[in-house]
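Chain lettering (A, B, C, D, E, F, G, H, I, J, K, L, M and N) follows the sequence in which the chains are written, and residue indices restart at 1 in each chain.
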């Protein structure tokens, strides 16, 4: 296939995969946070802080994917 | 395949995958919130707040997918 | 394949995938709500409210899929 | 393949997938409702109400699939 | 492939998939009902009622599949 | 492939799939019934009744598959 | 492929699949019966009766597969 | 492929599949019997009897597969 | 492919599959026997006897596969 | 395919896979940290420190993938 | 493919599969033996004996695979 | 395909796979360390030490993959 | 493909598969040994002995794979 | 494909697979060691020793893969 077509494929595959992995990972983390707050409501502060740091690190991967997708669509060196 | 066809494929694949991953992740988070509220009804406030932040972060990924899908259909640089 | 054929494929793939992911996610959330109400019948109010917010957010993904499907069938820019 | 053939494929794939996802999700919700009623027989009222709302939301996805299937067979704009 | 062949394929794929998903879902619901009755024999009434409503909703999906299968075999608009 | 060949394929695929899904579902239901009777031997009556209703509903799906298989072999409108 | 070859394929696929699904289902049911008898040795009678009814219903599906396999080999209307 | 080749394929596929499904099912049943005897050594009699009936019914499926395999190799009506 | 090549394929596929299924099944049974003896050391006799009967029945399937493999290599009616 | 096309494929595959694996791994680690803080709020310090070291090591793998992706797009020795 | 090539394929597929199945099965059995000895150190004798019998039976399947592999490489009747 | 193209494929496949396996393994190990510190905060020292040795051994595999990837891109003997 | 190429394929497939199966099996066994020593530190002797025998038997399968791989590369009768 | 290309494929497949299997196995073992030390901090010595022996045996498989990969790249008898 020609590079233009592959760039389009790359754009949607990257965001698709970047939606599956991090979404499952974040879902798990959020679910655990729910249970943790229910068990120790007075520890909601450190739990939330740790959760947000973790979500931020997982979210970066979804953003790497989005960046590669936009880069393939609008700043592709080969297309 | 030509870029137009690939853009159509990309549109439906992106929303499809963007519906599977985040839906499962959110389902898990919501399920955990249910159990958490049942265990600590008086902590429903911080649980709901943390849940909504988490759902928002997971939902962004589904929206990335929708954005890429619409972008491929209506603002595709190669088609 | 030509864009018309791909649009038909896209329509049924999108609703199919949009039925699998959200259905499983919602099933899980509803199941957890059942258990939560059984454990704390007097907390049925906040549980139901949180459940309906969560279901609404998950349902939006199924609707994104339906929208893309209808859009591919009846307002396709390439077909 | 020509659009007519794809419409036939689309019709059976859509109902097939629309039968797998929602069926599993509803099965899980109904199973949880069984356990919930067994644990709190006097809460059968709110459990049933929440269950029926949830089943209705999951069932809509199976119906989206059926609608797309019938639409592909009898009101296909491309075939 | 020609539409006649695809209709035959559609017929058996639809009933096959329509047998897998709902069967697993119903199996799970029935299994939960067994356990529920064993835990609360005196609640067999509301458990059975809720079970039958749930089975009916799951069974409808198997019937959608059967309907599409028969419709493809005997009332196919394209074959 | 010609319709005759597809009918043969359809016949064995339908019974094969119609054997996997319902068999697993019924196996689960029967297993749960075993445990239920062991926990409440005096409730063997309502457990058996509910089990048989459930098995009957699951068995119908295997029979839909068998019917489509026989129908494809001996009363196929296209072959 | 010609109908004769497909009949041979059908014969071994049907018995193969008819051996996987029911075998797993029956294995689960028998395993549950073991545990049930161990928990309530004096209820071995009703447990065995229910088990044998269940195994009989699951076995019918393996037999449907065997029947279709033999029918494809020795009484095939198309070969 | 010609019928002779398909018969060879059929022979090894049938025994292969006939070894996977029943072996897993029987392994599960035997494992449950181990645990059952450990919990109720004095009920080893009825447990063994029920186990052997169950193994016999599962074994029949492996034997159906062996029969079809031998039948394809040595008494094939089409080869 | 010609029958000789298929016979070679058949030989290694049959033993491969005949090694996976029974090995997992036997591993499960042996593991359960370990736990059973640990819980009831004085019941090691009936546990071992039942285990060896079960292993023998599972092993027969691996031997069916070996027999078919050797038969395809050295006594193949079609090669 | 030519090296340019393969570089595009490589870029999106690497970030996609680099989003799935580490995201799941980090999600699991964060989830465990949530539960750990809930059980021992006073040990939030060492838990957070160990978590951040672990996340950093897992994140490096996602970054290896991003580096290879950018390297393939902008500093490819073969394209 | 010619018989020589197939024999090479057969050799590595057989040992590969013969390494996966039995290794998982043995790993499970050994793991259970660890737990069993930890629970009943004084029953280490019968546990070890039963374990070694079980491992021997599982190992035979890996050896069947090795035998077929060597036989295909060095004593192949068709190559 | 020519060796240059294969080297590019090799580079991204190796880092992709080298990101999935070790990331899941490390995620599991880190998660277990979280729980362990929560249960025995005073044993944080040996737990951390053992964890870091384990992570180092798992990380080496990701680095083997990175090394092979860079070696294929910049020091390939065949390209 | 020619025998030389197949031998190369065989070499890496055999060690790859021989690394997956036994590694998972050994990981499970070692994990169980950890738990066992933690529960009965004074039984570390027989646990370690049984573990090493088990690991040795599982390791043999990885070595069979390595042997076949080296044999295909350096002592292949067909290449 | 020619042997040179296959050697490149072999190199990255071997390290990829050699990273997945052992990484998961080691992750499991390390995770179990964490839990074991948390339960018996005074048994950290024998636990660590057994863990390191186990990790060494699992690591050997990853090294077999690396050796085969390097051997295919730099000392291939057929390329």
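By our rule, a contact is a pair of C-beta atoms (placed from the backbone, for glycine too) under 8 Å apart; a residue touches a chain by one contact, two chains touch by 3 or more.
Which chain is which protein? Per UniProt: A, B, C, D, E, F, G, H, I, J, K, L, M, N = ATP synthase subunit c.
Everything quoted here is computed from the prediction, not taken from an experiment.
A.B. asks: So which chains count as neighbours of both subunit I (ATP synthase subunit c) and subunit M (ATP synthase subunit c)?
C.D. replies: Under the touch definition, subunit I (ATP synthase subunit c) and subunit M (ATP synthase subunit c) have K as mutual neighbours.
A.B. asks: Given that subunit J (ATP synthase subunit c) is a copy of subunit N (ATP synthase subunit c), what angle of rotation, in degrees and a multiple of 5, matches their CA positions?
C.D. replies: 50
A.B. asks: Could you give the separation in Å between the centres of subunit K (ATP synthase subunit c) and subunit M (ATP synthase subunit c), each centre being the mean of its C-alpha atoms?
C.D. replies: Computed value for the inter-centroid distance: 10 Å.
A.B. asks: Go ahead and note the Å separation of the Cα centroids belonging to subunit A (ATP synthase subunit c) and subunit H (ATP synthase subunit c).
C.D. replies: 46
A.B. asks: Hey, how far is the Cα centre of subunit B (ATP synthase subunit c) from the one of subunit E (ATP synthase subunit c), in Å?
C.D. replies: That pair's centroid distance is 29 Å.
A.B. asks: Give the residues of subunit J (ATP synthase subunit c) touching no fewer than two other chains, as numbers and ranges.
C.D. replies: Those would be 1, 7, 9, 11, 13, 16-18, 20-22, 24-29, 31-33, 35, 37, 39, 47, 51, 55, 62, 69, 79.
A.B. asks: What topology does the chain touch graph have (line, ring, star, complete, other)?
C.D. replies: Chain contacts: single closed ring, each chain with exactly two partners.
A.B. asks: Please trace the ring of touching chains beginning with subunit H (ATP synthase subunit c), moving first to subunit I (ATP synthase subunit c), and write out the chain order.
C.D. replies: Cycle of chains, anchored at subunit H (ATP synthase subunit c) and oriented toward subunit I (ATP synthase subunit c): H, I, K, M, N, L, J, A, B, C, D, E, F, G.
A.B. asks: Any idea which subunit J (ATP synthase subunit c) residues touch subunit L (ATP synthase subunit c) in the complex?
C.D. replies: The contact residues of subunit J (ATP synthase subunit c) facing subunit L (ATP synthase subunit c) are 1-3, 6-7, 9-11, 13-14, 16-18, 20-22, 24-29, 31-33, 35-37, 39-40, 42-43, 46-47, 50-51, 53-55, 57-58, 60-62, 64-65, 68-69, 71-72, 76-79.
A.B. asks: Show me the residue ranges of subunit H (ATP synthase subunit c) that touch subunit I (ATP synthase subunit c) in the complex, using the header's touch definition.
C.D. replies: 1, 4-5, 7-9, 11-13, 15-35, 37-39, 41, 44, 48, 51-52, 55, 59, 62, 66, 69, 73-74, 79
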